[in-house]
Amino acid sequence: MAPEATQEDIDNVVELVEAVGGNAFVSRGVSRTIVGIVGDVDDFDALNLGSRNGVLQVMRVSAPYKLVSREHHPARSVIRVGGVPIGPDTLSVIAGPCAVETPEQTLRAARMALEAGASLLRGGAFKPRTSPYSYQGLGEEGLRILAEVREETGLPVVTEVIDPGHVDTVAAYADMLQIGARDMQNFALLQAVGRAGRPVLLKRGFSATVEEWLSSAEYIAQRGNLDIVLCERGIRTFETATRNTLDISAVPVVQRLSHLPVIVDPSHSGGRRDLVLPLTRAAIAAGADGVIVDVHPEPRSARCDGDQALMGPDIRELADAVTILSPLMGRTRVGPAADRVRSHTP
Amino acid sequence: MAPEATQEDIDNVVELVEAVGGNAFVSRGVSRTIVGIVGDVDDFDALNLGSRNGVLQVMRVSAPYKLVSREHHPARSVIRVGGVPIGPDTLSVIAGPCAVETPEQTLRAARMALEAGASLLRGGAFKPRTSPYSYQGLGEEGLRILAEVREETGLPVVTEVIDPGHVDTVAAYADMLQIGARDMQNFALLQAVGRAGRPVLLKRGFSATVEEWLSSAEYIAQRGNLDIVLCERGIRTFETATRNTLDISAVPVVQRLSHLPVIVDPSHSGGRRDLVLPLTRAAIAAGADGVIVDVHPEPRSARCDGDQALMGPDIRELADAVTILSPLMGRTRVGPAADRVRSHTP
Amino acid sequence: MAPEATQEDIDNVVELVEAVGGNAFVSRGVSRTIVGIVGDVDDFDALNLGSRNGVLQVMRVSAPYKLVSREHHPARSVIRVGGVPIGPDTLSVIAGPCAVETPEQTLRAARMALEAGASLLRGGAFKPRTSPYSYQGLGEEGLRILAEVREETGLPVVTEVIDPGHVDTVAAYADMLQIGARDMQNFALLQAVGRAGRPVLLKRGFSATVEEWLSSAEYIAQRGNLDIVLCERGIRTFETATRNTLDISAVPVVQRLSHLPVIVDPSHSGGRRDLVLPLTRAAIAAGADGVIVDVHPEPRSARCDGDQALMGPDIRELADAVTILSPLMGRTRVGPAADRVRSHTP
Amino acid sequence: MAPEATQEDIDNVVELVEAVGGNAFVSRGVSRTIVGIVGDVDDFDALNLGSRNGVLQVMRVSAPYKLVSREHHPARSVIRVGGVPIGPDTLSVIAGPCAVETPEQTLRAARMALEAGASLLRGGAFKPRTSPYSYQGLGEEGLRILAEVREETGLPVVTEVIDPGHVDTVAAYADMLQIGARDMQNFALLQAVGRAGRPVLLKRGFSATVEEWLSSAEYIAQRGNLDIVLCERGIRTFETATRNTLDISAVPVVQRLSHLPVIVDPSHSGGRRDLVLPLTRAAIAAGADGVIVDVHPEPRSARCDGDQALMGPDIRELADAVTILSPLMGRTRVGPAADRVRSHTP
């Protein structure tokens, strides 16, 4: 309450809170009175307490998400994607080209992914691009290429969806639906993937707080889909030396708040090839449940983000980093899933 | 080029650029060589120059947007919404409730808008909310209410669309389609409104640079719709005293780069009723082409953002601010459009 | 308290608070218990409550400053600098060159300042520069030039001090000591100017919250000097179109929290000449108590920040903006202080 | 150059550049002309090219620092502090209490540091605090305690200096002078420690770019002191879940740009005890040359930052993390320097 709040102002707040079934406790000090409120936060929202006479500030103490919260589900979850587990006991590598360009390029990238120790293939068919003049992806043709490469390599497919109207099409081909950073608060899309019956990879918006990120996961969960993997991919800050600033602390912070797995994208956060390996190592050491990395057989002719894709000589180093660091963190590296592909029916 | 770049590295870059029809000019200094490149930037993107041997850094000098650029269209544009002009010679006020709740509430808010000197009515039927447990709007029922209130008051309607699948429905009722801050890079939605045949109000994403904002406008323009009004509504910074930080400088900055009108949202940027009037005055004085303001007949029972809506006693002050400051900035206040409503056929 | 906190944990917190003379009130809800605490916040700091068993989060509700708070001093203050008032009823213009270079340049800039309607002269003798290779100022020779120009023009002098060891020297020449943005948390310097017996212009650090800014003012006030004027000069954000982002909302926000005057620096926040006038108008319209503006007779040969200094033709526009907008905001423009100089004894 | 620049404008720029001994190369395209400039950047600064007719934008390509740049000194440096090396082949742990409070507390913390594998002792005698009402440290008495504990344990001492006037005093007791984040651009202090004849630990300002950080190191180097260790300690962003956002990418980024060692402060960046170990592991895995960690025998009664200090049970985990991860990164852990103390004469 403001210093000038009257007893009537305080009584009024208490009454409002109790009228919607909440409890209000008044703490009175020399220069300030605080009213603690406990109950259903959605009911309290509608009271617009900040507009009431004598109210100085309204602070929320409890989190705005429930289903994804660790408070309601203390054990950390394991999410299975085409049979591959992502969770607290494993270290999963997702790798592949930023954009699917041709069958050959995609197959070669998938083989690089296998060599790097990946258990899942990433690749974009629908690309969200800041400029309308940039390469926008192959669309459904790209999805078909990904499905063929899955047949060939046994790697389940993770691919992005950007339009609620495309969700069914993408879900028909993909093992996991990716929501990109720019779409983290595209609520129509979140609700659509919540109903799609496929696991979801939810990237953090580059200016989203951890709380907003988990609230977006809650949108998906609320539609009945709790198979969500969170992906930290850098936040926007004043620093221009890197494309975004990888918020490495978000890994342990989110693991404490939510039961969902958290992986890291070292390629898009830094935007520079020379940072991918140091950031991959940092992610594993910080406790991430996996990493998602761009690889490309010919980065110099890539249609998208070629400057950050790992090339031939980097692949062995990536595999080594994963192989050596995973056991130190109490994790098993998840290997290529050659046999799992047979039972796969997307 | 990096200090250790060889002559061969430099020749290679020049060759690549010329192979796609560009021109490259080599500037050689004691410790550094710079290659200036001129031509089609989209062709250059595909060269992944940043990955080439000897290349240290690639800097873009020209803007990634064309149709919305003032370079290609020096005169500032006037956009007409249901007959109401928004542009360099007028000061347009858009006002109304954050969310449409009932016919009565909407009509009362519209009357407040008229009293405040507004020429357009805002009101949300589809609400993007951070939490899935917050009020999500009335949907099409809300659109019908807005259309009725337009009949009653003569105020053309501005309302938000959040799903590409809803664009036709919303366009059937509304005079102007609003793209919210969280959807500024929802490219499927941008393309859908680009084809909808209605003027668009494009809010700036709360972590979007001016360049990204104009690139999003370019998406809409590229689909044939140049009737775009830009709206600055605050950016995300470290400061927590206000909900967002109103980037008042963006008004003159954008007006220099683009021919599109720019308005300011003082309600959502500050998130506090006591800041709405000072920020409205600041916006007009900085040269904005208009403002969009939340008003509500009963802010304390508002379903959405009640803490920032102007109430009865504020309305006169808002009208005064607009009336007094507009002529000083060489602008005519656009009055209520009572007669224009008759010729209106959305 | 955390959801798993025991009754013992809660009792322990209550006991600790009461042991240092505070009061603790327990609010118990279905899923969460909140302990409201009232008393001396400095005592509470030493309890490290965040480390106690069962404690999830500690939130401070009251402000960490007292002397500069409006809570303890509701009337807004008027600060006098060489006889010139800065406060709620006036609009003060401080103008001059970024750096003092020569007597001629300083005198010519001071005449431009007078023409622009300024009542105080700014000019830097000691310059804090990001690079050690940039121009660092004339030092005491610059102070002498400023004092001579004051004799000539009657304009009291505002100049920056960057080293606690120089405070006495600078105070011997200047009417007001400026603390630059980079020094806002240079506590040794704050304490030194607190004892110097001269009014202080305290610029906001470019990444300081409003709360930290007022806490720095409190440092000065605590040493007995309440003659402080706050200056908003832009904060650091992700946007690169302007040097910093002018936080125009900070003007009304700070005026509500503190009794000290607040002025705006439109030159350093934008870093571009073409933004100075729009931002000056915005500042006055938002309710600022004054502005501080760079002017230079020959910006192209300026040793510092020439790209943002106003030149000949801009001066009339600045004077007009101040003359026209001040009365609308209920303020008197403070004119040149020709007669005041006679009684001036710094 | 701007699109409307004339040939005369271009010639004028070329002439200006050549007049100060630089070279200018003109690259002419269909819609844009670029002038590449090579020479002494300080001379170019004084030209204020951004203010010249026809100039649209001035971009700097080369870095504003020289002595600390890897361009001029490709081999990574080893800095010795009281005989302890910090550099590319070692992993150095600096540990100790945030603030020196009593001889007993400091000695106990130093023993914890030894147990954690530290080779250097940190501890604050002069504390920069945001609020003037927070604990400000013991001053010279604290320095004496640190020197005694060094005698006892053999650990060289790292301690902060905040006032240029104290540098000689602090240097008389300490083995390494720390510049805190808030003082990173306190240029008077940088110059003073540059002349002090002691190695310097330069923390990154919490809103400083990498370029500004290295420019501040250049200030120290320019006074003849190249014994500088850089310390990343988190930057200020919009995220509030952690006190600051650890910019883990800064480690490899800075190591590529500068030959100076880079260490990480996982305690101050996160501000939470539960993040210290994950962030320490991440720092080592990202390639840091060391870490600096808060430890305290009784965090709950600490006078400063008790919520982030490691306690008894954490110490073994810290030692393990360092012991296990260092060799994987090709580094030797630097052990306690029991014998080195004998030859120590600060």
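As written, the chain order gives the labels A, B, C and D, with residue 1 at the start of each chain.
Everything that follows uses one rule, which is that a residue touches a chain if its C-beta (ideal position, glycine included) is under 8 Å from a C-beta of that chain, and two chains touch if they have at least 3 such contacts.
The structure presented is a predicted model; accordingly, all values stated were derived computationally and were not measured.
Engineer: Which chains make contact with chain B and with chain C at once?
Structural biologist: A, D
Engineer: Which chain maximises the distance between its CA centroid and that of chain B?
Structural biologist: D
Engineer: Averaging over Cα atoms per chain, report the distance between chain B and chain D in Å.
Structural biologist: 41
Engineer: Based only on mean CA positions, could you tell me how far chain A sits from chain D in angstrom?
Structural biologist: Chain A and chain D have C-alpha centres separated by 32 Å.
Engineer: How many angstrom lie between the centres of chain A and chain B, each centre taken as the mean Cα position?
Structural biologist: Centres of chain A and chain B (C-alpha means) sit 27 Å apart.
Engineer: Could you check chain A for residues that touch two or more other chains and list them?
Structural biologist: Where chain A meets two or more other chains at a single residue, that happens at 207, 236-238, 240.
Engineer: Enumerate the contact residues on chain C facing chain A in the complex.
Structural biologist: Touch residues, chain C against chain A: 3, 23-32, 34, 36-39, 57, 59, 61-62, 71, 207, 236-238, 240.
Engineer: Taking the complex as given, what residues does chain C use to touch chain B?
Structural biologist: Interface residues on chain C, with respect to chain B: 207, 209-211, 235, 237-242, 245-253, 256, 269-270, 274-275, 278-279, 281-287, 324-325, 328.
Engineer: Can you name the residues of chain D that touch chain C in the complex?
Structural biologist: 41-42, 45-48, 50-52, 64-65, 128-135, 162-166, 182-183, 185-189, 205-207, 212, 215-216, 218-219, 222, 236, 273, 299-303, 306-307
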